[in-house]
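The next block holds one structure in the form of structure tokens; read it before the comments.
Chain naming follows the written order as A, B, C, D and E, and within any one chain the residues start at number 1.
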Amino acid sequence: MSALDNTNTFEPVIIGFTCNWCSYRAADLAGTSRIKYPPNVRLIRVMCSGRIDPTFVLKALSDGADGVMIAGCHPGECHYLEQNYKALRRHRLLQKTLAQFGIEPARVRLTWASAAEGALFAQEIATMVDEVKQLGPLNWPARPVPVGSVPAEIPVLSEVGA
Amino acid sequence: MSKPKFAMYWAAACGGCEIAVLNIDEKVLDLDANFEVAFWPAAMDVKYKDVEAMEDASILVTLFNGSIRTDENEHMARLLRRKSRILVAFGSCANEGCIPGLANLSSRESLFERVYQANATSPSTENPNNLRPQASSQVPEGTLTLPPLQAVIRTLDQVVEVDYHVPGCPPESRQIAAVLDALIAVVKGEAELPPKGAVLGAGNSTVCDECARKRDVKQIGKISRIQELPPLATDVCLLEQGLMCAGPATRSGCDSRCPNVGAPCIGCYGAAPGVLDQGARLMTAIASVVDANEPDAIDRVLDGIPDPAGSFYRFSLAHSLLRANRAALAEKP
Amino acid sequence: MSATPGDNRLNLCIQCGSCGGSCPSGAEMDHTPRRLFALIRADAREAVLRSNAPWYCVSCYYCTVRCPQEIHITDVMYTLKSMAIKAGLFHDAALPGFSETFVDYVEKYGRSFELGLATRFNLRHHPLSLAGMAPLGLGMLKRGRMDLTPHRIDGMAQLTAILDKAKALEGGLQ
Amino acid sequence: MQRNARPYLDSLLAIREDIDLELQEIEDWNCCGATEYMSVHRVAAHALVGRNLALARDQARDTDLLTAGCSACYLNLAKTDAQMREDAGLKDTVNQALAAGGLEYEPGAMKVRHLLDLVCHDIGYDAVKARVVKPLHGLKVAAYYGCQVVRPDYDSRWDSHEHPTAMDKLLAALGAEPVEWSLKTQCCGGHMSVIGPDVAFGLIRRLIHGAQEAGADLVVTLCPMCQLNLDAYQVEMNKHFHTDYQVPVLYFTQLMGLAFGKKPKDLGIGKEFVDAAPALAKIQAEAPKVAEAKRKRRPKPGDALPMPGME
Amino acid sequence: MAGQELIEQDIHEQQLTRVVVAACSPHLHEKTFRGVCERSGMNPYLSEMASIREHVAWVHTDKVAATAKAKAIVSGTVERVLKNDPLEAIRVPIDAQTLVVGGGIAGIQAALEVAEAGYDVYLIEREASLGGHMAQFDKTFPTLDCAACILTPKMASAGAHPKVHLFTWSEVEKVEGFVGNYTVTVKKKPRYVDEDICTGCGICVEKCPVLVVDDKFEAGIGYRKAIYWPFAQAVPNLPVLDTETCTYYIGGKGGCRACEKFCPTVPNSIKFDQKEERVTLKVGNIILATGWDLFNARRIPQYGYGRLANVFTNLELERMCNAAGPTGGKVVLRDGQTAPKRVGIVHCVGSRDRNYNRHCSAICCMQSLKTAHLVKERTGAEVYNFYIDIRTPGKEYDEFYQRVLDDGVHFVRGKVAEISDIPFDPAEASRNGAGTLYIQVEDTLAGMQRRIPVDMVVLAAGLEPRRDSSEVGKTFGIACSSNGWFIEKHAKMDPIATMTEGVFVAGCAGGPKDIPASVSQGSAAAARVLNYIRQGELALEPVRASVLEERCSGCRICNGLCPFNAISFIEERKVTEINAALCQGCGTCVAACPAGAIQGTGFSNEQLFAQIEGLLRDVNRSHEPEVV
């Protein structure tokens, strides 16, 4: 399959982390407003974007996601006052690190959406899906799982040599 | 009465782990007293074929140090797994790839280029004919072979099942001695084996726990390298003085040797218990306490870490969630 | 049009007039800066570019530091001047003349040249006032405070290359 | 400075050793374009200044300080440096232009400072005071800062955009008495003296009149353009309005020189249009009696309301 | 509700241990289904909702892809719920005593409401008397009734109420605990007057020979003694001694002692050796009504305040207009005698200006209109109001504007550029006479620059957050917005509560407000507190962080991350601890802990890892896991 064909048929899977107060509600609002957007983003609700640990992002990418979206309340509007700034700081550092692993910045997108911004949130998703489509699949190779080649049971040591 | 067999092997590693074992001084005599050393290339001459000839599971315990970089490393890992009842990943290389694991940020080709190219940037390279090592080459005497280099470095537990882990680069001699004592106690029937998969010879917290420096609430406005800073206070947290210290995210057990003498922890004991990815923990910790809220200002602080992946994953890259650079992973093994 | 000057923040203007009130030459302007901004919003291009206001700007930056919306007013004035020159729309040809004469000297010699500047500018635009200004020039000369000939810098070729490149890039930007 | 601000240069050279100021002229500098170039070609104007910055950086040894005595030069250097720092696009464009001349400038490499800023804030009032051998007792001076040094003040080097006090403190350190007046940072007319003299004359008169009303014997400036407008154009302004103001206008460096005991001639004094000699004659050998420290007066019925302090 | 019954039935019949409801958003029915589980004897936190309506059915058109996504969401939720722990809501008892901080009109109102309901209130005031800023005002807009006439009865009731325990000249130093159970340390500054003995006769004040400028109550235009009453109607009616101006203290405890000498009480009320005291209070709720500070008009040098004698602030004018004030209600120039003939009132001084404060101070338009009216009424002067916009959005406010227009007050639309004592030219000087101030402004409606000559300028300085608001916020575990005002829980729907349970804000502490709004907020805060007191206990969501002490190394990375002060460091054990009642469950510290020592209930790492795996279960990867 040529690269061109790839971008045409490739449907990325993206994990989205949303905060309970703004961005998840923005997604709810997009729903109640029947705003259409591509079905590629699967959301995980956390209480605050400050809860989002780079480990989650790395895990999602290494478990097969093509991209990760992190969404929180707008700066200055965090339900927990200022925790979205911590999300912002972690995102900046994560991006720098991911670049060294060959992961393009567009694959890990940070966005702000208030609970009123259903349309904006849908637009953000559409934009991200589009960008990740252009990049193609990430397909991070699964971690090797060693099996077999171990003696079935390990005897209690005190029996050995007796 | 025959003594249980002991083996130690050195795959892709620097040899420091072997030195560390010898560093336990007279304790090594206890090893000899309680075990028959069946295979230990660094200490005695036994051929691979001798090992192959041994019965499966006839070695009681093998301390395996070094990571899996070549086909030979992999072969020996599998062989020793088969021959050993207890396989211990010994030292940082075997457990998480260690410094050699940083090669996973580069493709095999770029590694060869860097090391063997005539005009390579490496100052120690002198190779006017651009010779490269070959897996096999013909000489008048016959065929010479070299074990092929694999695409990425793997840790021992990514290749075979591992029973116990002893972290450290190298493991502290005091800790090695304690592990040996525990093993001997088990052999003598004075103790039970720890649960499979346990980490031995280390603590349950992080390096800060053993660090004597005073710590305060953190707000980092600038990160510098040690040579860029004025002489450091001897009793204040290094991170608070603007140094990247991996102590907060690194398993305890080393007695916080480096920070206590003024050098920042570089993370050789690996992740704290229960942690999936040491680099991610260090990354999130540092980023959380950056004293800036605007993207540009945040970047200015973070620019003090010129090589983030190398800094956060100095020892644990090969064992991390991502393991390697995408291009390196995409190569044929 | 309102998008032309860089990060000008013009859309934040609340029409309070602190700029027009602060301006040393505000009384002489046909439109105060505040009014210009309203005209820009109203898309009254010609009225804006024909205004004498940008040319009367003395670059004192009072408006800029006093603006409650932190609009970069002085910089906007510069942009409006260059737009007016490009569009060939002047309230009074004399106004851009000074800037252009000044620029000419800088581009020829790398330095400004007061005697030439004043003479050439006045000859072209205010021939009558030249005689009136003569004592001032003489006074400057007498006190050793003015050159009779312009000084040319050594790196003129370098400077020209830089300015040509800059203008080419600037052209490309628009 | 070599020409129309000759006295500024002479006085600066005369005092620089007293204040341990080591100066190096940027070799082959070009005109900064004043406020005019910016109006015609914005990018080229920055490139013009960029060349000076780049030359300065290449020439600088053991320092990153770049100082200018002229308001416009100072402002343009500071502005280009600040805007290149803020705007990566501009930085690239200017550097592309500079590359055509084999130059490059990394914004922030030079710290652009006005001469007065260096004298007041780096050298310091105490160091200046220590050098004073002939205090300027009895001389009332109006410190005049003009516009472009204190505004827009990209790097927050001054205590106020409107009523700065640095030069007042410097002059006080020299023994002179700075007068309190409201026009410290009002416009001297700038380029309007050429393109719209009527506007400029009005502004000049207001300043000169204001200084005189405030009781100043002379006005002290920090910029050749301001000096020129207030001094040379004062004569023109008198003609225009049929007035006869005679308020001399000197550079702060000239007053420093006088206080440091230099000969007036070496400081370029005498080259001004409005003769400073009568004003300078007022300098007394002895310090005038200090006005009695203000005590909080007991209020009496019908007395004035207390005045809010400045702090 | 057949669906709910079905679930209940299944829980019983199948002995279910976990429930996932794939339906709408948890924001709609999470509570409903948790209730179902609870009724069926299951721990409610062992259920989860998968939102396949708002996040799938209603937003996607490609049915195949949408179905795949819905399955993935359910799969993720199932994996997650397996890792859920049974949790119990955190229940805290509510102490019925209440702390009110700030004795201005908002705090007085709040304290009286709670006291009237029969509960004890501690009212803490930093100054020596209740009253706050309102006590300084002369008339109140728009009705022009006298501020003292309506405020002093309230002050007196608060002072006399058996349930209101007054601490004036006192500050809150430390707050520990959490909602329902706060321990508050109050610092009582020495008054040097014995509160229990002093009768308030005032002889000490009369005999004190030291007269100094009163910067506080009289806004700098009047005087007071070294021992003084904060003001005439002060509550409590006790003087206070200022050691910085008293000659006894200045002279190294040598001279004077006139106050002591003339004090008629036995024993003597003057206590030169009185010391600072600390009082510990137990309260369940806290109402912060800490008010505002006046913008320092000196920060705008071009307006000349402090430099030009006849430039006044609005607060100075309030005192000047007050019949009990330094001028006996006469509006005069700084010379204390001359009535101004031309007065300029400058709006928006320090407000709506990014160089100072971005916010609108909300009251200055009305206050300036009132000032214009009073000045006109008392002096007959020509009065000019310089404004950007006139904002009169209260009841009868715009009608008052109309009245002032009718008074003949001039209105110039333009932000004043500068105020100068120097005329532009000799003609201007001779036209206007000496001592004239020139207000330079662009009259934006006329489209021209104007210089308006006046004798007096009144600067409508804006309202600012208290200078120490950020430290005060830290003490009480609440945060300030970027402007410095305390942040409410929700700007519209919950403007009284804060993110810290049991801490409420009222009045200008949360942003500029006029008197009616401050009074309303005082009542509203009291209502919220009374609601909690009546409930007796409070159930808090168990989404909380906690520290595994044996894993915590005391690195202190997390210590600065909590805006609610829930994280504290235990110095003796060198470990960090999280107070569950203060923790709001955001999880930022969980994500930050480099040792993985902080756990987050409800949103644990294990739950989230499992959910990620579940969500990606269907993803085909080109490299199948390498099996060794």
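Brief remarks on what is shown
Methods note: a residue touches a chain if its C-beta (ideal position, glycine included) is under 8 Å from a C-beta of that chain, and two chains touch if they have at least 3 such contacts.
A quick note: this is a predicted structure, and the numbers were derived from the prediction, not measured.
Under the contact definition stated at the top, the chains bordering both chain A and chain D are E.
Within the contact network of the assembly, the step distance from chain C to chain D comes to 1.
Centrality by Cα centroid goes to chain E.
With centres defined as mean CA coordinates, chain E is found 48 Å away from chain C. Averaged C-alpha coordinates give centres for chain B and chain E that are 54 Å from one another. Our note on geometry: chain A versus chain C, Cα centroid distance of 52 Å, whole angstroms. Annotation: 66 Å between the Cα-based centres of chain B and chain C. The residues of chain B that reach two or more other chains are 158-160, 276, 281, 284, 288, listed in rising order. For chain E, the set of residues touching two or more other chains reads 302, 418, 561, 588, 591-592, 605, 609, 628.
Multi-chain contact residues of chain A (touching two or more other chains): 53, 55, 59, 82, 86, 90, 140-141, 143-144, 146-147, 149. Touching pairs of chains, sorted by label, consist of A-B, A-E, B-E, C-D, C-E, D-E.
Taken in their complex, chain B has these residues touching chain E: 158-160, 204-209, 211, 215-219, 237, 247-249, 252, 271-276, 281-282, 284-285, 288-289. Chain contact summary for the complex, chain B toward chain A: residues 1-4, 56-57, 60, 78, 81-82, 85-86, 105, 154, 157-161, 163, 183, 186-189, 192-193, 196, 276-277, 279-281, 283-284, 286-288, 290, 292-293, 295, 298-299, 302, 305, 307-310, 312, 320-327, 329-330. Residues 211-213, 220-223, 298, 300-302, 304-309, 313, 316, 326-327, 332, 334-337, 418, 420-422, 424-426 of chain E are the ones that touch chain D when the two sit in their complex. Interface of chain D with chain E (complex): residues 160, 162-163, 180-183, 202, 205-206, 209-210, 213, 296, 298-299, 302-311. Only residues 25-27, 51, 53-56, 58-62, 65-66, 68-69, 72-73, 76, 479, 481-482, 487, 499, 543, 561, 563-564, 584-588, 590-592, 600, 602-603, 605, 608-609, 611-613, 615-616, 619, 621-628 of chain E touch chain A when the two sit together in their complex.
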